[in-house]
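Some structures to go through are shown next.
You will see chain A twice below: alongside chain B first, and alongside chain C after that.
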Partner chain A sequence: MSDIANNQDDFTRSAGRQLAIFALSSIAGIALLMLGLSWASDLTSTGSGAGEAVDAATGTVTLVLNEEPPQLNSTKATDQVSMRVLGHVMEGLLRYDEDNRLVPGVAESWEIGPEEAVFHLREDARWSDGQPVTAHDFVFSWRTAVDPATASEYGFIMYAVKNAEAINRGELPVDALGVTAVDDRTLRVELERPIAYFDKLVAFVTYYPVREAFFEETGGRYGADADTLLYNGPFEITSWVHGASLRMEKNPHYWDQDRVHIQVLDHAYITQDPNAQLNLFKDGKIAYTTLTEENLNEALVQGWHLHRFMDGSVFFIEFNHREGRVTRNWHLRKAIQLALDPAELVYRVIKLPGYVPGESLFPIWLQGVESTLRQEYPAPTAQMDPEQARRHLAQAKQELGLAEIPPLVMLTGDNPISNKQSEYYQEQLKQVLGLDIRIDKQIFKQRLAKMTAGDFDLVLAGWGPDFDDPLTFGDLFASWNLNNRGRYDNPELDRWVRVAQSSTDPRARMDAFGEIQRIQFEDVVVLPNYERGIVYVEDPRIEGMVRRAVGPDPDFTNVRIVEGS
Partner chain B sequence: MSDSRSMSYQPKPGVFQPLMTEQRAQMLTRSSLSYWEDAWRRLKSNRRALISLYIVIGLLAFTVLGPLVWTIDPAAQDLDQISTPPGADRSATLVEPYRPWDGSSALPMAPGLRLAEPATTQAVRLLWDPLEGASAYRVYRNIFPMDPGDALGLPLAETFTAAETRFEDRLDLQPRTYYYTVVALDDHGHQLPARDTLEVSVERVVTVREAVSRGLVKAEDNPQPGDAVELALHPLGTDYLGRDMLARLMYGARVSLFIGICAPLLFVLFGTVYGSTAGFMGGRVDQGLMRFADFVIALPFLLFMILFKIAFGIGPGESGILPMVVAMVLLLWPATARLVRGQILQVREEGYVNAARLLGARTNYLVLRHMIPNTLGVILVTLTFAVPNAIFIEAFLSFIGMGVAPPTPSWGSMCNEGIKTMLTYPHELIFPAVMISITVLAFNLLGDGLRDALDAKMRSTE
Partner chain C sequence: MWRYTLRRLIQGVITVWFIATATFMAMHAVPGDPLTSDKAVPAEIRANLEAKYGLDKPVFQQYLIYMGNLVRGDFGISFVQKNREVNDIIREHFPVSATLGILAIVFAGLGGVLWGALTALYRNRLPDVVIMFLVILGISVPSFVFAALGQLTLVNLNDLAGFSVLPVAGWGTVWHMLVPSLVLGLSTMAYLTRLMRSSMLEVVSSDFVRTARAKGLPPTRIFSKHQLRNAILPVITVLGPSIAAITTGGFVVELVFAIPGLGRYFVQAVQQLDYTVIMGTTVFYGAFLVLMVIIVDLLYGLIDPRMRLE
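The block that comes next holds the complex of A and B.
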């Protein structure tokens, strides 16, 4: 017996030795492999030039894109990334400058009257192949945008132009659109109705020009690749590797060469992962990144100079007002309003500076007549009040004839902030009202599809401004607006929206917005959650980056590299 | 006399007894061991396996009995203690509910940047004297004192005008020291050199109403603002919504162990029936059945897992546990079926089976007496190895967001949430990750020990 035991001991010992040798050699092997790989990657990265965030010698600034633009056809673009990219490579009749004022773009002068607007195009506006930008290019792109065959989600933004709405619905032919090229350099626009903010509208991406001959040549692939797009902006895209990188270089044919100080804007990385972006910035690979709440501490430890910016969008809980939905009941909506506290959401759960607790559909930055709209028309707010909320809930149950409110579906996007927010609300509504909330997490496209189909009770939605006028928020819940996903229908609100749309008297319009704000609160059309803020950090070697709530953001067009740092 | 003398010794009865004849040549020193007793004995002598067995029993107790002892609701959000690590200070002071600030000051005036009221986690209210040349102000908050790099920390807000010389900070205030800085801005929003700095120590507070509703103090005690209280105890800390980690780990264990035990039991059972049918019938049936098993093995597992889950049509917010179990059963049985079929094929040709058959044994008898006992070892081992595998799959699916629906926790989804805050609050990732590792390791080592113990061929070595 002892013999066997000894043998076994010997065996175990030698096996252990072998194991140790194996482990050591494998660790050494892995270490060697990693060293080799890092050496190899160094070789390749110096080869492609994507090394430094800011390279003063070549005038290169390296950046990261959150995601790949779905496509860059300006008549169809809807998302923020596409608009950011297009804002660098295209130019409309007007544009926003570094102080966010409206300045001449392709048009050097314009007259806007109650019935028509005339734009005089500058002589030296050129496409990236050297040909001039003409009024015909605008006529073509505007017609394409309202053409029902294009199915642009932003078709409605052209409705200020005569007949646009009818054409978009397919009731009139496309050439009935009220826009004509008087000659190569004069664009005449007939307006559907007097409109106070048409100059702001034409700076929007859907109003950018497209050259017809080039568009036809691409055979339906316009804007799908770097070489199927023609540029008239400060930059042109020289290479676009889908899902990996997008490189812009200075456009030699752009008319205002003086305002572009760098040669290359290299979006060398496309990633949404905030930790990856943080590490890229830490390693000096990119010149700008936004920060999440989780990364703020790290940023403080690193001693970075942080910036804060409100991107102008408002986020809210939208109710489904369709027939047969329990959320159609006013008492239920009121109960939910009284059970939630947006301040707690922002200060305790989201925890990002820059976020402001939501009080109104209209964000705080919108201009009123003399000061801001919200200073002139303070938003009515509700204090969180559990007892009263429960009373409203009891009344809702009574009116609906239900013993219990059935589980409510809360549709939400699949991103970290929405995840936190929906779980917070789920527990909060359970605690205060005993409501059962089912979270339906969907990616953006799917969420939009479900919102349009009305497949929700509550949805965490948001709205960013398209143009610099309160109407961009004010008409959201008009009964005819397709973005009114809950199908809210209130003749009184519709009436005020009509006033805001057609009046040219600033005071009357602002009064209308005040009324819309009051109805939105009293009838609990939506529950504002927060106004979004962004905390970001930029490389100290660059200056002149522009943030804006309306228009392409962030804008690196005017960035210059600071010497000597 | 000599005769009589020789007859004189008469031993007393009982002193000597006749020697008995030896009846038995040898004696067994222990009772005979059955297969199971032997297996158990060998398992007991394997210390690793034994410890693993205790861990598994401990885990089951943690899951089943834990929630009875630690009765905190895993969904309850303690917003005063978000992301607190274990062992954090819990003392707090009761205060009145929050009221909007009208700009008045309760503290004595002092020049420069100053506090209007004592700083609490409810709000820090700052007042300052106008700075030179300012047309607006920006307020920063840092957790470090001013450094040479001139980093001022988090930009909290900007004022619209120079007339506003106050600011109320409510953003995620922790009981610690902050360094506030007010910087003057020019007309274009650029920073001017004029600035003021203030060091602020924040005290943790909780409102009377919250304290009563959370059971920190009793309403009968008539709690008054200013009283000291202890916040709720969270032995393993809290997550990003202030939910108790220990309670979540217990409920998460429920999901993980339910799937980890339920799914393998079902698919091993199915695989056993399938494999033994194929093995016992043989011939064409065997061929057909096993080719189908090969087909199922060839399916890309994770892809089909996700497809199944979608095809089952789980509504929004419904838990994906059952579909996950069904999908696992549908996809994971072929490995067991193959093993069992091989074993049955082998056993079927053994001499004792043939002998039993010649003696007229029925199929039932053959299966119950010979086949099943001889394959049971293999089946049990497959089962113990399948359990950690299933737990791992569940954790993985929950990690990529295909698993359970919130607010139900599972170890995988907890890891997923924890990884986002890995650098700042490591405990949110470490605890669930350690639980997964321990569980998977324990089941693997136990399976290893069982394989050694149940292997009939190793029986003769001792």
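The block that comes next holds the complex of A and C.
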């Protein structure tokens, strides 16, 4: 018996030794395999030789991008990441400075009248190959942007220029666009109608220059790679490994060299994962990251200095005003308005610093005549009032001839905040008004498709600004605006929108916005929920990063590295 | 053998065609399309876009056109990454995913055999209990938890060491590969360990092992030639489907470790309704997996002579 046990132990020991040999050779094999694979992957793609977040010796700041920039052709770019990248490597006629004021860019001076605008280009504005930026480069890019063949989603932002809309619709040839290069350094623009904010428009991405000869050389691949783009901004892209990294270096031909203090902006990582970003920041590998509610606590534990910023967008419940929808009834909308409290949503449900309860379609940062629009025209607000709300509901039922309001479909996006928000509304409307809400959760494009088709009663929607003028929000519910997905239609509101569009008298325009704000509240066109805030951390060794609601954000062009902290 | 291979390949092509057709139809059935954008575009521009991408044609006609291009190996141009061909996306990013996947599968395979043999050898003793507990953990905890934990461990490790021992995220060097591929292979490794253990226990008590012992063969020979070689067969059988689990599970790991692999495009394309990329990646992955299963089946015949009889 003991002999057998002994035998068994011997066997185990010998087998164990063999397994140990197996394990060691496996490790050696894997190490060899890894070396082989890394050699092979060197042949297909170069990885990020990323360094520390901030490297004072080489003037390098390392960052993360949320996603691969989808479109670096400025005439077609629509998304935030592309605009952020383009804002660092391109420059328009005008630009926003570190205090978010409009300052000269490629244009050193300009005159804007009711019928035409003239821009005088600076002599030392250069492309990254050393050639001057000329008025022709603007004529070419503007024509490209409105060309129906380009099919740019931002074509509409050029509609201020004469004939742009007709060209975009295919009714006129492209060269009918009201923009001409008088000479290399003078750009004349004929305007479709008097426009009070044209200077702000030309700072927008779609208005950036593109050099025709270079564009043609790329054979339809303009902006697809680092070498199929020509740069006229503070930086140029020196390497772009798709999906992996995007490296910018100071552009030696940029006219305002004194403004740029760092040599390299290395976007060494591309990932959307907030925890991955947080870990990279914690590890000292990136100089900036935004925080979500989940990882806010970690930031507090680490004792990091938190920064807050409002990204300029407004979120609201949009009603379906189409014929046949119960939400077309004013009393029902009013009842819902009186049953909800945006402050409770923001402070008790969302609980993220930086968010502000929504009171108006116009966010608080918009400029009025002398101070902000919202200071000059305070938004009328409703106090939550369940009694009053129920009275309106009863009246709604009577007008609609219904014993009960049928279940309402609330269309919403598929993200944590929308989830919390829609569940809160579902609960609140059930409690106060006894309304049944069916939540219809959809991914982004499907939600948009359903919004456009009018397949909802209520939808959680939002709007971000395109240019720095209240009109970017003000015309949203004009009857002709395609983004008015609830198809609200009110001639009185339309009239005020037309005033705001075509008047050049600042006071008259702001009065119009005040009226739009009033109608929006009284007629309960939408119910504002919140203005979005962003919480972020940055490496204490850098300063001068600029955040802005309109234009490229975040902006690292003016960043400098501070020693000794 | 050749006839068998040919038959399997033809079956494979039919499978891939079915995958392509089903994906195409499902994709067109959901509301919205790749041209749906945040800012509503005027009807004229929308029509221009539809014409440009051929979306104005009836779905069946689009299907025929797509299949025609597919046969010629042209996956089209991405709707989201507007300047990139899907072929380029696959060519640039699949090698990265493949690298990660190969390493993960090697980790999983070698690890599974090792731990499985070890637990069988020390059955019901301490090493067995400890390893089997970890195996349950490995099978039941999803990979995104391991990915996050793995990354957190790296951060703490680097913090503790005071310098960068291993990179937290990114891609490019040997050091970038280590932790992500371990994380990716972990659940497969756990599964294979269990399989190897039970298969090993079965073999240990089989007649041929008893005969080998009775013959007085040296223990080393019994263990490696008779036990391991026979016990490993079921592990190889499931390697094929495991490749599927690992390549499709790569998305989370790629996201967390900021790795420029194809998995990310695969998932993001669905969220963005990027038709061409959805089709390209699905058909490509489908074909790849079908091929892997065929190869594993053929390999099986090489390892186990009994299979060749069929």
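Criterion: the second predicted complex is superposed on the first by the 511 of 565 C-alpha atoms of A that agree within 3 Å, B and C clash if a C-alpha of one lies under 4 Å from a C-alpha of the other, contacts with A are read in each partner's own complex, and residues count from 1 in each chain.
The working rule: contacts are C-beta pairs under 8 Å (C-beta built on N, C-alpha and C of every residue); 3 or more make two chains touch, one makes a residue touch a chain.
Computed from a prediction, not measured in an experiment: that's the story for all the values here.
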In the overlay, answer first, second, both or neither for which of chain B and chain C A:Ala151 touches.
second
Thinking of the overlay built on chain A, is A:Gln71 touched by chain B (first), by chain C (second), by both, or by neither?
second
Contacts for A:Met34 in the overlay, against chain B (first) and chain C (second): which applies, first, second, both or neither?
second
Please name the chain, chain B or chain C, that touches the greater number of residues in chain A.
C
Considering only touches as defined above, state whether A:Trp142 meets chain B (first), chain C (second), both or neither.
neither
Output check: A:Leu306 vs chain B and chain C. Expected answer is one of first, second, both, neither. What do you get?
first
Based on the superposed arrangement, let me know which partner A:Thr452 touches: chain B (first), chain C (second), both, or neither?
second
Touching A:Phe315, do we find chain B (first), chain C (second), both, or neither?
neither
Overlap of the chain B and chain C footprints on chain A, residue-wise?
275
Residue positions on chain A within touch of chain B in the complex are 99, 275, 292, 294-298, 300-301, 303-308, 343-344, 346-349, 351, 353-354, 372, 407, 409-411, 414, 416, 419-420, 422-424, 426-428, 430-431, 437-441, 535
Please name which positions on chain A make contact with chain C in the complex.
10-12, 14-16, 18-19, 22-23, 26, 29-30, 33-35, 37-38, 40-41, 44-50, 64, 67-68, 70-73, 76, 78, 148-149, 151-156, 168-170, 221-224, 241-244, 268-273, 275-276, 279-280, 282-283, 285, 442-446, 448-450, 452-453, 455, 481-483, 485
Spell out the residues on chain B that touch chain A in their complex, using ranges where they run on.
75-77, 79, 82, 142-144, 147, 149-158, 160, 170-172, 188, 240-241, 315-318, 401, 405-407, 420-421, 423-424
What does chain C use to touch chain A in their complex?
30-34, 36-42, 44-45, 48-49, 52, 80-84, 89, 92-93, 95-96, 99, 102-103, 106-107, 110-111, 113-114, 117-118, 121-122, 148, 151-152, 154-155, 158-159, 164, 167-174, 176-178, 219-220, 222-224, 255-258, 260-261, 264-265, 268, 271-273
